[in-house]
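Quick one: structure below, then a few questions.
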């Protein structure tokens, strides 16, 4: 009796796992398998395996996207932005979490405004500022917008929440030891923030890599453009063919998927750490 | 005292880079936008005149705007509920340490790695009403009738919503899983001795202790839902008709595409107020909940 | 003590590396920028005076994809060695948004492809006055007229564009069908094909454009063909005339195609390229589109035998109409730092050779006088309509707020197809948008 119930439970759980996996993987499988098919094949059997494997579509896609250059641009923008974010946000959130000064609390609520308004609503003044600083059509311009207009508020919000849970005794001891606040932060606190730093770095990497509007608005030269812009440039509404389009989608996403697969454990545990302690 | 002063100065210098950057690149443009909302500034009009609240008046007289606000609110509420319920269920059921569950967790998170633009284009093909559309092929295989997912104005918004649930549920789930791990297992053992069944244990122990993850996830999906733009832009362009127009798509179309910058700015102000009120309401209830748990 | 020193050093190092990390990233970033620009000479050209042998970079922003201008761009590249064109494609649904933001911030492209926006941008002073340029006199008046504002010319027209109905000749021959001469025949044609189990017309109605254009083709047939209505568009621009009053009978005639079930709601779920796909693979017998689709159709199905016919009206004696007009045009940013070079590009564009290159990728007639373009066999059925001058698109030809009004109108037509709006309401919506925009211009 008991055994029967257990078996039923186990099968039920197995079915549940199978259904979840199918729902999550089917669209991705479809994307991949379509890249190897002719349009006729794709229509005839959307899910069937292709009759022959050819990488011609991918070679065409890589060529059309100016892949190497675009990938480099993506990397420059993402890596630099994330470093900026981690440095600036960790220092700012430390101050907000530790100081009882009213001024810093006010600054915190100012940062939180950024969580609410999407920056696109003030795009024209922003455009003027970036242009005025001679940063139009530069990677630095996109990096600054990505850092300050899009990702800084959430990074600070997450980091502050985490720092609140770090006991203060350690720094107090260090301070008594004569270590200055600034050194004390980098020496004692920052290493303790590893979980939240990885959370923030991962979330920001995903957001910045996949951001499309900022580069579209601020980068005009094709040799400075990022992967998604290259996809967009090639799919103009008047010249699309999905068998050449899907490989571009795959190629634009591939680096990040590899990053995910390699770092899967850290990502899943990393995303975790920050949010929950908040 | 002296030390405090010095400490404050260091603090000030530490927060400064983030704050200055944020003020110059976010707050100043935002305030400028708010200022412009009271003018008639337009791309096609060189002189700027102060016109008071006329933009706001026009905004609320336009049925399209009101409909777009409704869509965004409905969308935000629905996605918040659906995504969080699903991910709590998934988190509870997948919170074991076996190779299989870890694999399933891994692939559930995978779509969050993809760009919304990529997901949007992909689902445009999956949900197409053309022959060979994947979703309709599957439905027809099981003997059902094909559905016009993105072309039927009654369901287009929900089709877009479904793709976003697919994309983000894993992300939310992972946060819940982390929270679950921090719950002391002895609590469950005690409840089991008391004779509580699985569902009772969930409501008495798990849910209250999921407070930190829930508060974060609710706020994030609510604000994200209100800001929704990319997915609609790629999949339906706000159509058919105005069926899937959200606040952001309307703002960009009515404001920027037609050059009415000031009007767009007024729209932005209204948007800010709505999201602000929304998040205040949610935080109020979350605080109450927190109080109840601690009591 | 020692411990403390080491610790201090350590954290100093950390801070230093943290900062150096981003600092060096930044410098490498700038270095690569400088590197690339030095290589192709942007920095130098920024000074404004390009001397011999130096390459000037011109930014050209367009809403027609690079592939539809490939031969032309290659030709420019060969003929103008000291000018490098940086072609920036922004698809139409984002174009005004991006262009407006750039212009308003004083960062506009040097050369921009314009259509219905020209009048607005010219009035606001963003465009260079081309009236005194020698090359502009080479264009026929019909091509220049839409880009003339208060007697001044602001853009040079590219080849004309037009949309008609592409049809699959093989399907027509196999079923003994002929090109329809009246709107009723056109609808009847749908029914005949349907009875034979062939999908008559496909339409990517997920976009607001196809229905908007098809219904305006009927307005061309029934309204604009009448001399008495010639001044309607000017009145509409001033807000003195409304679509709901003038266009209604024609659009109601068009509406029959929905009433009779030839356009269906599932088309609202089809995108442009999915519709193209259905036509190219022979799944649907007809599809309304223009020359820019021809290359893609041929690529997908090299064996497809197809032609284009104009959209017929009520009267069988008159040839049908196409929706179209002078194509988009190139305008020069008045604030450009390279006006001289930009003018050189437009100058070259106005030559017979350049016009022929343009037509290669996107068939259309040229507005440069004396340039004869062979459109090819596909358009034989349209010859009569071309000869009669039956090509018109009011929103690009005359309207001030063309893009916004037609978008609103087309979106409302999608609601008409969904069954939630009437044709009258759709026209009234468009009037409303026009009125609203006129107010902001006052």
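Chains: A, B and C, in written order; residue numbering restarts at 1 for each.
Quick note on the criterion: a contact is a pair of C-beta atoms (placed from the backbone, for glycine too) under 8 Å apart; a residue touches a chain by one contact, two chains touch by 3 or more.
Keep in mind the model is a prediction, meaning the values are calculated, not measured.
S.K.: Between A-C and A-B, flag the pair that has more C-beta pairs in contact.
M.R.: The greater number of contacts lies at A-B.
S.K.: Please identify the chain with the largest separation between its CA centroid and the CA centroid of chain B.
M.R.: When every chain centre is compared against chain B, the largest gap points to C.
S.K.: Can you check how far apart chain B and chain C are, centre to centre, with Cα atoms defining each centre and the answer in Å?
M.R.: Inter-chain centre distance comes to 34 Å.
S.K.: On a C-alpha centroid basis, what's the spacing between chain A and chain C, in Å?
M.R.: So the centroids are 34 Å from each other.
S.K.: How many angstrom lie between the CA centroids of chain A and chain B, rounded to a whole number?
M.R.: 16
S.K.: Counting only residues that touch at least 2 other chains, which ones in chain B make the list?
M.R.: 131, 252, 256, 261
S.K.: Specify, in ascending order, the residues of chain A that touch 2 or more different other chains.
M.R.: 43, 87, 123-124, 182, 232, 235, 242
S.K.: Please set out, as single numbers or ranges, the residues of chain C touching at least two other chains.
M.R.: 93, 101, 104, 207, 277
S.K.: Under the stated contact criterion, what part of chain B meets chain A in this complex?
M.R.: 6-8, 10-15, 17-19, 21-30, 32-33, 36, 90, 93, 100-101, 103-118, 121-123, 125-126, 131-134, 137, 166, 170-171, 174-175, 177-179, 181-182, 212-213, 215-217, 223, 227, 229-230, 248, 251-252, 256, 261, 264-265, 267-268, 271-272, 275-276, 279
S.K.: Taking the complex as given, what residues does chain B use to touch chain C?
M.R.: Counting only chain B, the residues touching chain C are 40, 42-46, 58, 124, 127-131, 146, 148-153, 233, 236-243, 252-253, 256-261, 263.
S.K.: Residues of chain C touching chain B in their complex?
M.R.: Residues 93, 96-97, 100-101, 103-104, 120-121, 123-125, 205-208, 265-271, 274, 277-278, 283, 401, 403-404, 407, 411-412, 414-415, 417-418, 420-421, 436-437, 440-441.
S.K.: Report the residues of chain A in contact with chain C in the complex, numbered from low to high.
M.R.: For this pair, the touching residues of chain A are 39-40, 43, 76, 79-80, 83-84, 87, 123-124, 127-128, 130-131, 136, 138-140, 143, 177-179, 182-184, 186-187, 190, 216-217, 220-224, 232-233, 235-242.
S.K.: Which positions of chain C touch chain A when the two form their complex?
M.R.: It is residues 4, 7-8, 10-12, 14-15, 18-19, 21-22, 25-26, 28-30, 32-33, 36, 59, 61, 64-68, 86-94, 98, 101-102, 104-107, 109, 207, 272-273, 276-277, 281, 292-293, 295-296, 299-300 of chain C that touch chain A.
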